[in-house]
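Consider the two complexes below, in which chain A is the common component and chain B and chain C are the respective partners.
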Partner chain A sequence: MQPTLATLKSRAVAALIALVFLLVAAPGHAQLRLDITQGVRDAVPIAVVPFGGQAEGGANDIAAVVANDLRMSGRFAPLERRDMVSRPTSGAEIRVEDWRLLKSDFIVVGRVEPDGDRLAVTFELHNVRTGASLLAQRLPSTEKGLRATAHRIADLVFERLTGIPGAFSTRIAYVAVDGKPPAQRYRLIVADADGFSPRTVLESREPIMSPAWSPDGQKLAYVSFESKVSAVYVQQLATGQRSRVSARAGINGAPAWSPDGRKLALTLSRDGNLDIYTLDLATQTLTRVTSDEAIDTEAEWSKDGQSLYFTSDRAGNAQVYQVRLDEARRAERVTFTNGYNARPRSSPDGKQLALVTLDRGGYRIGVMDLASRNLRVLTNARQDESPSFAPNGALVIYATREGGRGALAFASSDGAFQQRLSSDQGDVRDPAWQPFTTPR
Partner chain B sequence: MPGFFKEHLRPLAGSAGLHLLLVGALVLAALRWTSQQPPVELAIQGYVVDGPVKVRPLPEPREAPAEQAPQQVEAVKPPEPAVEPPEDRRAEEAAAAERAAAQRREQQLAQERATQQREAQVAREKAAAEQRRAKEAERKRAEEAAAKRKATEEAERKKAETAEAKRKADEKAQAEREAKVRAEREADLQRRLAAEEEEGAAAAARAGVMDEYRLMLVQTIERNWSRPPSARAGLECTLYVTQAPGGSVVDVKLGTCNGDQAVRESITTAVYKSSPLPAPRDPRAFERRLEIVFRPTE
Partner chain C sequence: MKLMHVLAVAILSLTLAACSKPTKPDGTTAPPADSGAASSGLGGEGAAGAGAGASTSTALTPQQQALAAIQQKNVIYFDFDSSEIRSEFVPVVAEHAQYLVKYPTARVRLEGHTDERGSREYNIGLGERRAQTVRRALLAQGVADSQITTVSYGEERPAVEGSDEAAFAQNRRVELVHAQ
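Up next, the complex of A and B:
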């Protein structure tokens, strides 16, 4: 009887405690408390309904451009058009029940209307689950500017739903190579971020390499062998005006813009060995930064402009180092994880470096957190190179190999997905993502 | 005789008077009887009265005896006139004897002597009878007193016995009552323990159902939460959700939240997307109102 009683009492006490908790939780607001610590990284289902006032499937199909942008970001899964049961063009026409059945969380509708001799594009973003209207805007446009308007809509939708400014209105620069040696043709191309609307800004029979965007997004620095030897040029995109900024003896390569746009970091071999220099563009003052016997190349500025990241094989194999631009100019090693880390590129917030890393037998794109030194590998091919952050930091564009040819691809900077950028421009390489051209 | 009365009355009245002040009414009643009424009766009466006074714990109101006290003083006098008639008779007889002349003096003297002797004889006899009667009365009184005492004692004893019996009965009843209370208390305790055990088991079962319910809800919502990049560790947002009995989400209110617009949109969407929410195995575990805290780990 005694132990039973004791058991009873302890149980009774436990029951009482449980009861008290239940009762205490009761009177306030909610009765049952849930803690959500996990979520999914699955792409968010969204319906981008063909816009009114447009023929579906045309080159300027706004909904198609918006859907493709969102798909390309890796964060959204646009609903296939053939699954859409209706074609609302305004919020009032949306029957949310239908779209819930189609398992869409959000819906974008809109229409193109004449606005004098121009066009106006109206669009709305609605939450299918809550029924809330999230965005409703009217954007001025033109027949030729409809794609740009579509990218703008994608930017706004992306920002509203992810908290990150969209980078779909920015551009990418890359180099395309046609033909076989000795009859090759090199082109420096600037295209929309989705690969559309490519424009050739430089064409040469000699190699073109390492395009780099100026911080204001208006100029490109690049290496051209057009004079049979390497030289660094800076070209104004709007006017096509360009100037040769470095044509010193030996190699002139790997230009990188300082954050204030006044200097270029360069790799030069004028002193017999590949080292890092900075060049003041206004004064043409050249400053040697590294003087190691090893190869130092591929410089990238830190966001504060006070130091440079670069690749060096001074430890026997390629690793990333950082050197402060003070008198001492002592270089410190930054990467330790893998046997090969090269081509560092800073994230827009300066907290991460994208780089090429030798990972499990393949050269892949990695992102290293500078504070924790943790390296996250984003890709899984064998020969990925030339990473470049999108200006919103959400994506990294890089070069990869596909069917023996160079191709471009995106990876989300959290490593959740990669996506090829289809291109009909043959062998493409050296992508560089344009910074935001307007201050944000 | 009056001397006898006085002789007996004074000490009796004196001794009883102290007490009789309180029982004057009875004394008065006794004195209103004829003078022949033997005062001893009064004395006995006094005893009788005396007895109950000791026993009764509560005396009659004190005012009544105080008023009757003067009556008692007056009541002592009336026996005196009753003494006079024999004196008148003696005077007439003496006058008749003088008028019958001297010659009959001898006879008269003899007669007188005889009469006196007779009277003395009668007086002696009467005194003896009186004495006998007094003795008898004394005896009777004693007997009665004894009987009374005995009766009183008997009554006392009986009363004590009754009291004892009553006390015993009371004690027994008390003990029984206490035993009953103890038993009831014990039974109550057992009942309560049993109830608590049942409650405990029910609570445990409920807690099991509750845990399961909670887990189902959490998993459903987590599955439906597309975490935006800004939902990092350190984020803490609370939603107050009301669901209909079928699990349909009918209301979502945002509580405190340190997340951006995208986070707020995503968590609200996750809850509505989870509608209808899963139902608990035991319908009693259903909670209409939920407090959902989004606190992602990196």
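Up next, the complex of A and C:
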């Protein structure tokens, strides 16, 4: 991209803001932990044997990370360690008859070895029933990088066994709140998809909401009330550098990135009327998309970048609409089942929308197939919101309530199961799942 | 549970009253007696308060007294998914309007809120709609547009915690936050 005067200027401003605003990169608290809330039917039994060359039960226990990832996917039921009768660390050491007795269909073994001043992790995946070796790789790593290597192994195992790329190496962004009203503290946090390694990227006494990942997974757009009114910011995660991209009079909300990463759809208000606009980040050109007296908000781009899905109550209650970004800008209603449908989020393939739907008295997460317009309700609590698809489309992360506090949860997009990612402190909400950072 | 809510609301009102404590230059050093006077002045006995105040150096100005009086009721509550001002709050809005008309340099910030149900950004819209309803009511009663600012917090800043109807009802609100 050619830097224009406008981008140079906004970069200078961004650099200044970054200097003034020192962002905390200390390890956050509010660690998230996976709780199995419901047994998963048809989960594939798999044994992930503790890796050789490292102590069991440590923070970087590779097998534990891999087993947890696979469990989180809902498709696998890892064997408990106490049931393992041996600890093979290579394919040659596996006695398949032992693992057949334990009813494991697959087995993952491996070890960590020094590699010069670094480490190398070797792992193998075997089919217990046939004895066939399905995968064997050696991955370079470091002491600090062992968790990342473990997620990579989980990605590869998941892809080999399901045909779907694993998304365990990606991250999630969410908002954590502690303190009682009216004295609350808000933090924007980025953590690994399994909830580990939380890092606070912004902290404020005023609300923070609606984090949205850029398509390259390097930046977050979000809403912050730090100046006592809402404004939209874009923050580069690697450097902490951020810029305020919209602080117009009234509401500045609901940022959503265009698929090419060049524009943000935003909700702005004039005289209290919320409408959707697009903002070209390089040129600062603002284009109005909707003009209706209703609440129009929560825009989401279609995969081809040619239209926006959004929430509107123009028909009396909240429903999802689609507007084409052409001259006519005609909006067509997309949802018809249930009296409340809001916050549409596109699946990675663009074929489905996850949304909040009022289902039998509860606000729940639904997934709508855009071709058939069938809506499938995935969850069964009373206050579920903010769905966001995993980049492989297999899971939806969303916000729910548990014991009077906000918690995060996963549901499989086919509705087969839900699992909770609970926080050991504070209220957590507004999750957004990072896209794949490398093209696939 | 009910008691907790009442307490929470009482504490909140006190906090709000304290926050919007007049900070005029003529308040000088404002010893604790000043804020005490402001708080006890909430009893509504304006004449007595003024009489007592006249003999001391910490007298409240008429505007401060008027503000203290209307700040007893500075929250308008709404029905679920509604931005209509309920009849019981029409006089409350009128009192605030009268004050703002009488003191054209006074400013008010209308903070719109919703309960926690439904999606967050949509609730920002709903909170804004509530704030705008109150704004229009103030304008209709002669308040200048330049005296009013609005902000919507949606469900992000609840007045009370809780996921029951009692808590929801306390959280669906517009707070009128005054500055002189």
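The rule is short, and it goes like this: the second predicted complex is superposed on the first by the 395 of 440 C-alpha atoms of A that agree within 3 Å, B and C clash if a C-alpha of one lies under 4 Å from a C-alpha of the other, contacts with A are read in each partner's own complex, and residues count from 1 in each chain.
The working rule: contacts are C-beta pairs under 8 Å (C-beta built on N, C-alpha and C of every residue); 3 or more make two chains touch, one makes a residue touch a chain.
A quick note: this is a predicted structure, and the numbers were derived from the prediction, not measured.
J.: On the A-aligned overlay, A:D414 touches which partner chain: chain B = first, chain C = second, or both, or neither?
T.: In the superposed model, A:D414 contacts chain B only, not chain C.
J.: Going by the contact rule set out at the top, does A:I251 touch chain B (first), chain C (second), both, or neither?
T.: In the superposition, A:I251 touches chain C alone.
J.: Taking the superposition on A as described, I'd like to know which of chain B and chain C A:D105 touches: first, second, both or neither.
T.: first
J.: Counting only touches as set out at the top, which of chain B and chain C does A:P181 meet: first, second, both, neither?
T.: Second partner only.
J.: For A:G316 in the superposed arrangement: first (chain B), second (chain C), both or neither?
T.: Neither partner.
J.: Taking the touch rule as given, give the residues of chain B at its contact with chain A in the complex, in rising order.
T.: 193, 196-197, 199-204, 206-207, 210, 213-214, 217-218, 221-231, 240-241, 252, 260-263, 265-270, 272-273, 287-297
J.: Which of the residues in chain A come into contact with chain B in the complex?
T.: 5, 8-9, 11-12, 14-16, 18-19, 29-44, 105, 127, 129-130, 134, 160-164, 394, 414
J.: Could you please specify the touching residues of chain A with respect to chain C in the complex?
T.: 180-182, 184, 207, 209-210, 225, 228-230, 250-251, 253-254, 267, 269, 271-272, 274, 295, 297-298, 311, 313, 317-318, 340, 342-343, 356, 363, 382-383, 385-386, 401, 404, 429-430
J.: Chain A touches which residues of chain C in the complex?
T.: Chain C reaches chain A through residues 12, 15, 81, 116-122, 124-126, 128-129, 131-132, 135, 150-154, 156-163.
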